[in-house]
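Paired with chain B in one complex and with chain C in the other, chain A is shared by the two complexes that follow.
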Partner chain A sequence: MTTEIVGGAALAPPTAIGGRRSARLRQLAPFLPAMVIIVGLFVVPLALMFVFSFWSTNENLDVVPVWTLENYQNFFTNPTYVRTLFKTMVIGAGVTVVCLVVAFVVAYFLSRYVSRRWARIALLIIIVPFWTSYLLRVYSWQAILGEHGALNQVLVGLGILREPSLLFVYNDFGTFIVLAYLYIPFAALVLYASLERFDFTQLTAAQDLGAGPVAAFRRVLLPQIRPGLITACIFVFIPILGEFLTPSMVGGAQGLLIANLLANFFKTALIPEGAAVGFLIAAFVTALLIVFRRYLRVQDVVVRG
Partner chain B sequence: MDPLETMPVSRHGRAIRRAMQVGFAALIVFLYLPIVFMIVFSFDEGATPGLPITSFTLHWYEAMLNNRVLLRAVGNSVTVAIIVSILATVIGTMAAFVLVRGRIRFPNATRIAFTLPIMVPGVLIGVSLLIYFARVLDLSLSLATVVAGHLVVTVPFVVLIVASRLQSFDRSLEWAAADLGASPRRAIRHIVLPLIAPAIIAGALISVTLSIDEFVITWFTVGSQPTLPTFIYTRVKFGVTPEVNAVATVMLFVTLGTLGLAAVALSRARRMTGRSRRRRGAG
Partner chain C sequence: MNRLDNQLSRRRFLQASAAVGAAVSLGGITAACNAIGQPAVQGGTFNWMTWGDHYIDTQLKAIEASDKIVPQISELAGNAEGFAKLKEVKGELDQMSGDALWVPDAYFAEGLIEPFDINELKVSSQLYPFARQFEIWTKPEGYLGYPFGWSPISIYYNVEHVTPAPDSWAVLLDPKYKGRIVIENQPEEIVAYMGKASGVDDVYNMTDDQLATVKGLLEQLKPNVLKFAQQATDSVNAMTSEEAWLITGNLGNEDRVKDGGGPEIKGFIPKEGTVGWMDAEMIVKEGKNKSLLFPFMEKSQQAEYIAENFITHGRPLFNEAAYKILVDKGEGDRADRYLYNKAEETLAKTTLKGPGTSTEKSIQLFNEVFGA
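And now, the complex of A and B:
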């Protein structure tokens, strides 16, 4: 994409005014370093990962340019891998739903019942944890969900559990809770940006015209915030496809997700196999981004957050 | 908001509203629980974090200050963050100017190219860089490769932040300067840069926090010298130490302080460049 810009400039037909081409190059020059970074450190490495996923390794685990589909075959014929991929989708979808519901309630509450000034402050309070270290927040959950963690202590103290358990950590439950925790602020931010624009008197108007509260909600409110809902879905679901820290900290052996497979392949130098998993994730992400490209208002999230 | 506007739509409006208030409070507790625990445990004498808190101690902070490896990791993180921030700010600001004002052939494609690194999961950026550096370019992994990895995410942030300010910039100020005889270069130096400076500063500060906290990309591009997050991760994997809580608490306040400064800078930028054209545009 970006290559075309400079390529286009360089290939521009020579014009009668000789200076135009160099003027155009000069104009684009400040853009070059950023382009080098995006192309050289993002596009090219991802493209290489794609190529590597079709190559083989020799006995020294060096990657050799022998084309093969084996890396993909190995992935899809291994039930554990396929199950992990499927589980990642299910957990990702589940977390997305939870995040959306919670975030919608919060955003609705803030935009409808709270003055704009206080809503902004409340939103800031919700967002602040999101900006603190991701690693450390996940780590702290170990202290809450773990065997000697706060949750167990409280439940034992209340007599609900007889002794501290591993019910909440090193399994899918731990992964689910922490993922929801991580992405609720994100979803809330996106949905609030949508709902803030919504004129709630429309709901009253709909009811004056005979719609019940549910119909007013479904037919008046939902269609207007649909872009926000889709943006929020994508902003929660896509990062979960790449989550490997949370599962490795609170998911244990049982709660691993697809990105853990990827990370393990790379840490054990099985590059082409890892590249195949990486490409599968990347393909899925790309498909989602292309399908929903119109709804991606990254700037809203980045600049407001 | 006018109280009349908030008249409940449903008959159960009041109950719904009360339930939402309670839910909101519960959410705040949920979001802050791990952070509060982290801070509390950093002062707890027991070596395994857990309730009840036995007694108050500053021991872990002392241990933190005496841990050479940890201090070196902090040093590495700070070095990387400063370099990343300077490079990302300069590169990103230059690109933002071209993006907003230059005649780029594919403005939408370019915008997408700058949002993709933010959208794509970090683990993909990390592993693809690992292949690229270690297997293709045959570089040994070091703090330099970490810096390169961080630039992939920080440059787009700076571009988006600065570009959004430039877009809402009132160009008549520049034309006025030109009318008064200023060259384009001078107008940029004396009119545009001072007015968008807060956005640039915000971009720089956000780059610092992103870089200091960055774990995923770093994990794959780091060599033998750990940064603070990779150090903490390996430490936590070995076993929990309250020392980590102390480091985490210090880091938390450093990050929050930096972000506070960034927020102040951004709100100044907003006031100086006026409201954006679109009513809601990035406001």
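And now, the complex of A and C:
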């Protein structure tokens, strides 16, 4: 269809071409603010970071615009970075799975068994933590999981532990728990929006037609809420790749993630070195989004949640 | 909502926006006219990048009330970051705080700061005489910064759990203290501490061989580190709650832990030597409001404020007159314990913080050990 119009336009008089162009420009005009934001706040900084990543820093901490692959070489030849990136992805994937499972159960229950009014109140309760600062929420977990924290006191009080344990915080476990806590609301909101539109009588119909509960769930429900599941994955997994504060505060010296190593470069003004690591993370995220895009249409997110 | 409703609400929205915009513009113009009509006031605002312990709110409020000088403060995280920031924004800052060798070797060498005659500031007569003559800050063009505070980095230990009493960096590597150490989150400094532990003197300019030795020590240190403190108070809190038995930090942590209701702790300067800092207020060469800095320093560096700063933040400062006030206020013993009167000899034994040739390698090394 498009080819025909373009082909037709090629033969049309110049005034008609001009008219179509201006019509097309008018159509594109509403997208201009979004384009400015995307180009100005995303594409340009990313391009700058990309350029910087091929430069180096001298002893005076000046950025020297001499092209080099050394920063990337350092990343790939030093197994720590690759291992830490891998560890970050594993923790991110694990947290995403936990968030999806917990959020799904909550959203399923609310959308199927609770009236819309009460479901909204429940959702409000889920998002209440967002009203307090992120920092405060992570700090409060220090107080819960710490050696003298609430969890240890309860476990010692119940006689389950003889003495307070250091295992709950300042390690990967602590990071995992707190990240799951922080991101469950995102997943819950997205999944609820998906499930709210699902007609649950379809599950009954499937079972009437001989499908077991698992098959009905897998072949009827899951395909219809797939966009919600993928969106929830994006909302949880991708931000975790850049998580810096939570691992700093509850991961301790043993629970650092890739963003913590990246931050060490910027703290010492080693900008090109940090830019290379940052760009690699950004490239990975972009690749991931491209993969997700295969399974996700924009209208799925916008219309179906 | 149908299409008509949409259009109407959009129109209403635009009308409301236009009304709000007009009101704001009118308000701005009126305010500007009023400002023009008023006589010029003394004072003004200037931009100061500094650490949170370089001022106290009551001091700033008092100066604002008396002199109408208001600093717009941005938090300084570290020397390298501050240096990089100033290079980027230059004249957008007027006053900058910086440490020891960062002042001459980075800020002055890059032409970012303006030397001045410290004796032009009357308040400088309150400083210890040696503080007005630090060789590293003396240039033919003038003095590079107004001396403020200082401290060597010490190790503090919980006397009940850490026995026998340590005297060396080696205590941080002892497997007995697995998960019991908290160190401030400054990778380059942690590498420097391990440099000291291995006997290196110039820890900011280490050779590859020295760094290889340091790597071994960092690997021993890693399992012992519970967490990296984001700020000094995190270390103190960890010691107070006895989560940590060993921390590194500035002079004065014994009292901070005690004041917080924590256990008895003691501090020591490791026998292998340590790193130290002494900071100064620098005048940014291209600062647009630097005319306010001398009047501000005349007030803000007065002994009364410096004594108050000592009581609040608890680490030694270079103001001798403030020491006398502290003695009068019954804080002399505390000041003596924090070596307030012994800056010259204490700092002479430390490696002063400064930019180095091994910065990048130190960070790579730190990441290599503390990454996964």
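We adopt the following convention: the second predicted complex is superposed on the first by the 246 of 305 C-alpha atoms of A that agree within 3 Å, B and C clash if a C-alpha of one lies under 4 Å from a C-alpha of the other, contacts with A are read in each partner's own complex, and residues count from 1 in each chain.
The working rule: contacts are C-beta pairs under 8 Å (C-beta built on N, C-alpha and C of every residue); 3 or more make two chains touch, one makes a residue touch a chain.
The model shown is predicted, which means the values in this text are computed figures rather than measured ones.
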| item | value |
| --- | --- |
| Touching partner for A:61 - first (chain B), second (chain C), both, neither | second |
| Which of chain B and chain C A:270 touches, first, second, both or neither | second |
| First (chain B), second (chain C), both or neither touched by A:78 | second |
| Contacts of A:148 with chain B and chain C, given as first, second, both or neither | both |
| Of chain B and chain C, the chain that contacts the larger number of chain A residues | B |
| Which superposed partner A:252 touches (first chain B, second chain C, both, neither) | second |
| First, second, both or neither for A:222, with chain B first and chain C second | neither |
| Which of chain B and chain C A:115 touches, first, second, both or neither | first |
| Partner chain(s) touched by A:129 [first = chain B, second = chain C, both, neither] | first |
| Those residues of chain A which chain B touches in one complex and chain C touches in the other | 148, 249, 266, 271 |
| Partner chain A, residues of chain B touching it in the complex | 1, 5-7, 9-11, 17, 20-21, 23-24, 27-28, 30-35, 37-38, 41, 48-52, 90-92, 94-95, 97-99, 102-106, 109-110, 112-125, 127-132, 135-136, 148-149, 151-152, 155-157, 159-161, 164, 209, 213, 215-216, 219-220, 229, 232-233, 236, 240, 244, 248, 251-252, 255-256, 259, 266, 280, 282-283 |
| Chain C-touching residues of chain A, taken from the complex the two chains share | 57, 59-62, 74, 78, 80-81, 83-84, 86-87, 146-148, 166, 170, 248-249, 251-254, 256, 261, 264-271, 273 |
| Residues of chain C that touch chain A when the two form their complex | 77-78, 80-81, 83-84, 87, 106, 109-110, 179, 185-188, 222-223, 225-228, 230, 241-243, 355-357, 359-360, 363-364, 366-372 |
| Partner chain B, residues of chain A touching it in the complex | 1-2, 4-5, 8-9, 24, 27-28, 30-31, 33-35, 37-38, 41-46, 48-49, 52, 63, 102, 105-106, 108-110, 112-113, 115-116, 122, 125-126, 128-129, 131-137, 139-144, 148-150, 153-154, 181, 184-185, 193, 196-197, 200-201, 203-204, 207, 213, 216, 238-239, 241-245, 249, 259, 262-263, 266, 271, 274-275, 278, 281-282, 285, 289, 293, 296, 298-300, 302-304 |
